[in-house]
Amino acid sequence: ACGTTDTDGGGDASGEDCNFKIGVMGALSGANASIVLPSVDGAELALKQWENDECEVTMEKFDTEGDPAKATPVATQIAGDETFIGVMGGAFSGETRATKSIYADAGVTMVSQSATATDLTQEDQVDVFHRLVPYDDYQGAAIANYLTDELGASKVFVVDNSEAYGEPLADRVEETLGNAMTQRDKTEVGQTDFAPTISKMESAQPDAVFYGGYIAEAAPLLKQMRDAGIDAPFVGGDGLYGADFGNAVGPAGEGAVVMCPCAPIAEDSTFAADFEEEFGAAPGAYAAEGYDAMSVFLAALDDGARTREEMEEFVDGYTGEGLSKEIAFDENGDVPKENVSYWAYKNEGGTLVPEVEVKP
Amino acid sequence: MDFDALFSGLDRHTLDGITRGSIYALVALGYTMVYGVMKLINFAHSEVFMVGTWTVLGVYTVLGVSAGAGLAAVIGATLLALIAAMLASAGTALAVERIAYRPLRKKGAPPLIFLITGIGCSMVLVETFGQVLRFFFGPPFGRVTVNIPSVLQTRDLFTIPGVDLTITNTRVIIIVGAIVMMLALDTFVNKSRLGRGVRAVAQDPDTASLMGVNQNRVIMLVFVLGGAMAGVAALLYTIQYDITKFDIGFIIGLKAFTAAVLGGIGNLRGALVGGLLLGIAEVYASTIWSSEWANVTAFVVLVVVLMFRPTGLLGESLGKARA
Amino acid sequence: MLLEMNDAVLNYGKIQALHGISLEVGEGEVVALIGANGAGKTSTMRALSGVRGLSSGSVLFDGEDVTKLRADQRLRKGLVLCPEGRGIFPGMTVTENLNMGAYTRKDKEAMDEDYERVFGLFPRLLERKKQVAGTLSGGEQQMLAIGRSLMSRPKLLMLDEPSMGLAPMLIQQIFDIITEICAQGTTILVVEQNAKQALSRADRAYVLETGRIVKGGTGAELLDDPTVREAYLGVA
Amino acid sequence: MSQILDTYRGLKLRDRLAEAPNWVRKIGMLLVIAFAFYLPFLNILPFAYIRTDLSARGSDWASVLFLIVVYMIAAVGLNVVIGFAGLLDLGYVGFYALGAYSVALFGSPSSPVVEALQSRLGLGEEWAVPFAMCIPIAIAMSLVAGVILGAPTLRLRGDYLAIVTLGFGEIIRITARNLDNVTNGATGISGVPVPPGPEIGGRPFFNTIDAERWYWFALTILILIIFLAFRLEHSRVGRAWLAIREDEDAAAIMGVAAFKFKLWAFAIGASVGGLAGLLFGSKQQYVEPNAFMVQLSFLFVAMVVIGGSGNIYGALLGAFLLTYLPERFREFQEWRPFAFGVALVLVMILRPQGLVPSRRRAREFEDRKTEAQEAAVDV
Amino acid sequence: MSDQTIQNDPETGSDAPLTVAPDTSDHEALSIEVGPEGETLLEIDHVTLRFGGVVALNDVHFSIKRGEILGLIGPNGAGKTTCFNVMTGVYTPTAGEVRFNGQVISGTKPHKINQLGIARTFQNIRLFPEMSALENVMVGCDARHKTSVLGALFRAYRVRPSEDDLPDNPLKRSLAKVFGISRHTLEERSGRVRSMELLKFVGIADRAHELSRNLPYGYQRRLEIARALATQPELLCLDEPAAGFNPAEKEDLMDLIRRIRDLGHTVLVIEHDMKLVLGVTDRIVVLEFGQKIAEGTPEAVARNPKVIAAYLGEPDDAA
C-alpha cells in the first residue's frame, strides 16, 4: 500500500527474512489503564520467553486510551505497515469495533485478550478477528447465575454506564435474570453524584446490585450506596477487574464482587513468579490472556508463517493449551464456550481475591 | 417515564437536587465574578476547583486522619482542609490570572483569546495532576479515581416529621455552607466599598480608575474570591463524594458555568438560583427517566429559560443602555 | 504651580497626538484649553489624569512627579478628571454613581454635605435618584458626570467639554458652577468648544493646534486676539 | 524564534504577494495546490521529515493528512461563524456529528433507519441510500439543525450563545448515544458507505487502507469551500457580518438585517461542519457517539483562534498545526496533552492576534496593544 | 432606484484604485429621487412612551414635510432622542403611532424602517469602530443592494452590463457581453464609487482608509452622516450633530445640512446650538418634559416666551 515508511515494507519478502512487528493497542493510559496494562505485560513476557533464532520480533504498543476515535488512526498505521504481522487487541470492545474492518481490509490478524462485546463476532463478522474471551451473552448469564444462585438474590437492581461496554453487558444480565431483576437504571460516564439512582434503590429494596461499567464511576456509586445505608451485595463485570478498583473505592468497597471470564492464576505457578520478577507485581487483569495471545502469534512464526495470509491461516486453525484456557477458535473467531471459566473475585482489603467459579 | 417515582419522593429528590446544586452554585460564583468584571469566561476555573479537592486529600494525608477519628480531630482536620483548599484554589486562580491572563490584558487581547488561553491553562492543570505529578511522585496522582478518606462520616441528624425525610449531617453542612458563603459574598460585593469598586470596573474600567479604583487590585480580588469559593465547593464535594480525579473539574465546571448563565451571568444571586435550579432539574430528570438524560435535560432547561429571559433568570446585573 | 506638564508626547499606535505639550495651572486658577477638533485636548486631559501614559515628558502635581502614577493614584492626590463623553456607570443608579465619585473618601458627614450640594446644583438628578444611569438623557448624564467628579472633593478638577450636549440655559449654569466651585477653592482646568464662554471665565488659557500649544495668555488677551477670534469664536 | 520571525517580517512576503501581478499569484496558487496533492508521497529529504510515520509508533501519513483536511474544512466553516459573524459557537461538533450520523443512518445497510426502510418498502438486505444521495442529506440535516438551533437562540448575546451551542453539541451526542433503536446507541453504526469508484487490486477505490485517495477527495472539497468562503468574505454579506460584530444595534438601524445574516452564518457554518463530519464518518466506515465529545468543539475553536480569527488562511494553519503536531510527536505519548496545553497558552500570550491574523485584525490589534500598554503605567 | 445610480455613475467600470480628489464636484450622482415637495413625509401621531414611571413622550404630535429641514429642540431629557428611537424602531410607542409616507411604521424592525427610507445618526457616536471609513459607508450602501447570500456565493444572477461597465480586457469583455456580469460585482463596484463620493461630499475623503475609531471626533460625526446618507434615506435624522464643534466647524456643518437637503433628503435635526438651529431650519418643534410646547418658524419659536422660559433662558447674544 502507499504511505508506508521508508523502512521499506518487505511485504512479500518471506523466506529467510523474518523481521516482524506485533502491534498492541489499548488503553495504556487513562482511567482504565489498570485493566489493560497487565495483559500487555503478559504479552511482553511471552515475547521475552520466546526462543527462536530465525526471527526478530518486536512488540509495538499503541495507546488508544480505550477511545475508538483515537484507535482508528493507529489501526490505519498498523494496516499500512507490512512489517506488522499481527495485532493483539483491542482491549476494549469499542475500539475493537471501530478498527476491525480496517484490519480486515489489510488482512491483519487480531487476537483480542479481553474485548467481550457480543456483536464483535456475531455480527458483521470479519475473518481476521479472534478473541480469547467468551462474549457477553455468556458473561451476562454467568453473572446472572452468580447473583441468583450464589447470592440467592431475587431482587437485583441493574445499573449500567450507557456506554459501549456496560450497556450491552447489563442487557445480557437483565435477560438472564428475567423476573429476578427489580429495576434497571442508567448512569453516565463521568458522573459522580448518584443520588437519583440511590433513591431508586432505596425504594426498590434490592438484595443485590449489579453494575456494568468501569472503575471510575463504580467507586463513587458504591460509596454513596453504603453511605445511604444500602448493604446489598455489589457485583460488577470485568470492567472493574483492575488493581485500581480497590484503591478508588476505599473501605466502602469491602466485599464487592467482580466477575471476570478469566481464571485465577495460581500464586505458585511459574508464570506468576516470572511475571512478578519481570514487572514487580503479581499478574493482574487478563495477564494470562495477554500472554496467550502473544504466544499464538509466536507459534505461527515458529510454524513458518511469514505473511499476513499465512498468519491468518495458522491462527484460524490453531489449537493448543494456553495459560488461561484450552485455546481454539471457531469460525467466528471465538474460543469454544466449554473451554472458558468464569470466576467471581471478592475485594478484600483492596485486592481482588478469587472466590468461586461460576457456570453460565 | 416514571412520574410516580418523582412525586412519591418529591421532597427527597428536591433535597438531593439542592445538595447537588449547592456545589454547582459555589463553583458558578467564580465564573460569574470573573465574567462580570472582565467579560470573559475563565475556562480554567473548573481546575481551580479540582486543585481544591486534591488539597483536601493532601491535608488529610499529611494529618494522617481517616474515617472514624474523634470528634475534635474531625472538626480540626475539616477546618484545616477548608482553609487549605480555599487558599490553594484562590492561589491557583490568582496564578492563572497572573501568568496567563495578565499578559493578554496588557496587550489588549480580544475575549476569544482569553477563552483559548483558559482552555490551555485548564489542560495544563489537568495534566499536572494526571501526568506531571505522577511522573515525579507516582500515585495517588495519575488518571485514576482516588479515594479521599471520609473523615466526616455521614450520620443521620434528625428526621423532618410529617414528610419523613431524614437529614444527615453532611447535607446540612453542604447546603448551609454554600448558602452562607454566598450570602457573605453577595453582601460584600453589594454593600462594601471594595465591592462597589468591583462593580464599577465591571461597567467601565477607565472611568473606574478615574474614580480612584485600582483596576488590577479589583481583578485580583475577583479571582481570589472566586477561587476561594471554589475551594469551599471542593471541600463540600469531598465531604459528599469522597473521591477526586485529575479531570473531575470538567463536568462540574461545565455545569457550574451553565448554572451561572441560567441565573444570569455576572449576577451573584443568579449563580445561586441557577445552581439550585440546575441541580434540581437534573435530579428530577434522573428520577423520571434515568441519569443518562440528566445532561440533556439541564441544557434543555437552559435553552427554554433563555428563550423567555435572554439574560438569564435574574438578568445581568449590569443594565444595558441603548442608542 | 499646582500642576505642571512638561514636553508631553503621547502616541496612539503610530498616530502621534501630542507633540511636546508644556502647560501649567496655578492654585486657585481657572485655566481653559481650547482648540479645534482633534487638536489633542482630550489627549492632554487623559495624559494629565493618568488614563493614558506618556511616551515622554512629565507631569508634576503639587510639586510631586506623578508621571508614573496610575489614574487611581493621582486621584487620591486630588487630581480629578471628568471625562469627555461622560463615562458614567450605565448599570448603576444615579446615587450609586455619585457614591463612586466618593470612592476614596471615608468621611461620612462631609459626604452627605456634598450630596446636598450636588443635588442642589442639579435638581434634575434628585428627581432621578433611583434611575439607572444608562437610561438618562444625554444632558442628564453630563450633569451626573460633573456632579460625580465633585464628590471626590478634588484639589484640581479637570473638565473635558462639560457643556457638550447641554441646553443653552444649562450651559450658562455650568459656567456659573465652574466659577462657584473655583471660588470655593477648587482649581479648574477646562476644555471647551464654547470658547467665548470659556475664555471670558478663565484666568488664563491655552490654544492647542494639532498636538502643540500655539498660544497662551490671559482669557481677556485671547478673547481679543484676532486669529483666535476668527478660528474659535466664529467672528471675523 | 523571534529572529526567524523578524526575518520573515523583513521579507514582507505578504505585501510582495499582494503587489505581485495577477498571473504570478495565480501560478503560485496552482503550484501550492499541486504540492498539496503531491503531499502523501512526499519523500524528498529534508522535507520528508514532516511525515508522521517516521517513528515506529507513528501514524499513517496519508491518514493524518486526511484528518488534517477534514479539520481544515471544519475550521473554515467555523471561521464563518466565529471569525466573520462574531458568534461564539462552542457546539460545532454537533453539526460535525450530524453530518457523520446522517451518512451512517441513511447509507449503512445495518443502520436501524435503513433497516426500517427496508422492511417498510420491501427492499433487499443490502439496500441503502447511495453515497451520492447521502451528501445532500447530510448537508441538509446539519443546515436544518443550524437553523433550528439558530432561530430561537441567535437573539442571545455573546456568551449566552456560547453555552447554548455547547449544550446543543452535548444534546446531539447524548441523544445519539441514548436512542438505541434509531442510532444503535453507544454501539454505533458500522458499514458506513464510501464514495463509489472502480475496484483497484481487489479493493474498492475508497477503502480503509489507501488513505491518500480519501485525502485527495477531501482536499478537492476543501479547495472548493475555501473558494466560496473567500467570495462570501469579500461581499456585501461579509461586510454585514463585520458590522453586526461591531455594533449590532447600529447595524440594524443602518438597514442590515442582523438576524437574517446571523442565521445565514450559522446555517453555512453548520452545513460545512456537516460536510466535514460526513467525510470523517465515511472514511472511518464506523460512527459512534464518543467520537463527538465537547472537547472536539474546543479544539475547533482553538484552531480558528490560534490561526487568527477571521482569516481563512489562519483557520487553515490552525487546523493544520493542532492536528499535525500531536500526530508528529506521538513519541511523547502521555506528555502530549500537557505539551498541548502549554503550547496553547504560550502561543496565545506571545501572539494574541493569532499566527496569521487578517490584515484588519492585525491592525486592530496593534492599535489596541499600544493603547493598552500606554493606558496605564503599570497594568 | 439603485440601478439608476449605477448607470449614472461616471467612474464605474474601471478597476483602478480610487484616488482622493478635493471636493469640487457637484455630487449630482448622489441626489435621490423623491416625491413632490411639501407633502407630509412623516407623522408622529399622538405618541406616548412610558418607561415604568417615567413618561418620556406624552401625546406628542407633529409632522415633517418632504424637503424641509425641521429642528427638534428642548431641554435635556425632554424626549428628543427618544423621539428618534421611536421613529427608527428602537422603541415601540405605548400609545399612538408613527406614519411614514402614509404607512404605519411604529413596531416595525429597525432594519425594515431603514429600508423604507429613514436613517439617523447617534448622539453618542456609534460607528463600526474596526472598519475603515469607506467600509462604514459601504455598509450603508448595502442597505440598497439586492445581492443575497447565495448570490454572493455563486454569483449566478447575471445582469446585462452597460457599455461603461464592460471590462477593458478584450477576452473578459466578450465574455461579459455573452454571459453578463453578476449583480454582485456591479453592486460592489457602484457601492465603492458611491461611498467614496459620499466621503468627499461630507469632506473626509482624505482619511477614507483609516479605521473609523482612529478618526478625530469631528470626522467621526461627519462619517456618521455619510453612512446614513448611503442608505439613500428620504428622511435623515441627525442627533446633536454639532456637539463638540467649535463655531467655525458649526458653520461648515450648517452648509453640509443645506447641501444634504439640496440632494433631495428631508432632514430632522436635534441640536442645542441655537445659532445652528435658527440658521438652518425651516421650522422648529419644541419639546419639554415629553410634551410639545411650541412649533413654528425659527423666528417665532425664538420669541416664544414659553420656549425662552423653558429652554433658551435669557437671550444669549453670541455662541
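In order of appearance the chains are A, B, C, D and E, and numbering begins at 1 in each one.
Basically, a residue touches a chain if its C-beta (ideal position, glycine included) is under 8 Å from a C-beta of that chain, and two chains touch if they have at least 3 such contacts.
Nothing here was measured: the structure is a model prediction, and the numbers come from that model.
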{"item": "For subunit B and subunit E, chains touching each", "value": "C, D"}
{"item": "Contact-graph distance - origin subunit A, target subunit E", "value": "2"}
{"item": "Of B-C and C-E, pair with higher C-beta contact tally", "value": "C-E"}
{"item": "Far-end chain from subunit D, centres as C-alpha averages", "value": "C"}
{"item": "Most central chain, judged by mean C-alpha position against the global CA mean", "value": "D"}
{"item": "Chain of greatest Cα-centre distance to subunit B", "value": "E"}
{"item": "Intercentroid distance (Cα basis), subunit B paired with subunit A, Å", "value": "37"}
{"item": "Rounded Å distance, subunit C centre to subunit D centre (Cα mean)", "value": "52"}
{"item": "Centre-of-Cα separation between subunit D and subunit B, whole angstrom", "value": "32"}
{"item": "Per-residue multi-chain contacts in subunit B, two or more chains", "value": "206, 209, 215, 292, 295, 322-323"}
{"item": "Touching two or more other chains - residue numbers and ranges from subunit C", "value": "12-13, 50-51, 70-71, 135"}
{"item": "Residue numbers of subunit E (touch at least two other chains)", "value": "81, 88, 90, 122, 126, 214"}
{"item": "Touching residues on subunit E, where the partner in the complex is subunit C", "value": "51, 54, 74-79, 81-82, 123-124, 214, 216-219, 240, 243-251, 272, 274, 311-314, 316, 318-319"}
{"item": "Touching residues (chain side subunit C, partner subunit B) in the complex", "value": "49-51, 70-73, 75-76, 80-81, 83, 87-92, 96, 99-101, 103-104, 132, 134-135, 148, 152"}
{"item": "Subunit D-facing residues of subunit A, complex", "value": "1-6, 21, 29, 58, 60-63, 67-69, 72-74, 76-77, 79-81, 94, 97-98, 101-102, 105-106, 117, 119, 123-124, 162-164, 167-168"}
{"item": "Complex contact set, residues of subunit D against subunit A", "value": "40-41, 43, 48, 51, 53-54, 56-64, 67, 110, 177-178, 185-188, 190-191, 203, 207-212, 284-286, 288, 290-291, 327, 333-334"}
{"item": "For the subunit D and subunit E complex, residues of the former touching the latter", "value": "228, 231-232, 235-240, 242-243, 246-247, 249-258, 261, 264, 268, 360, 363-364, 367"}
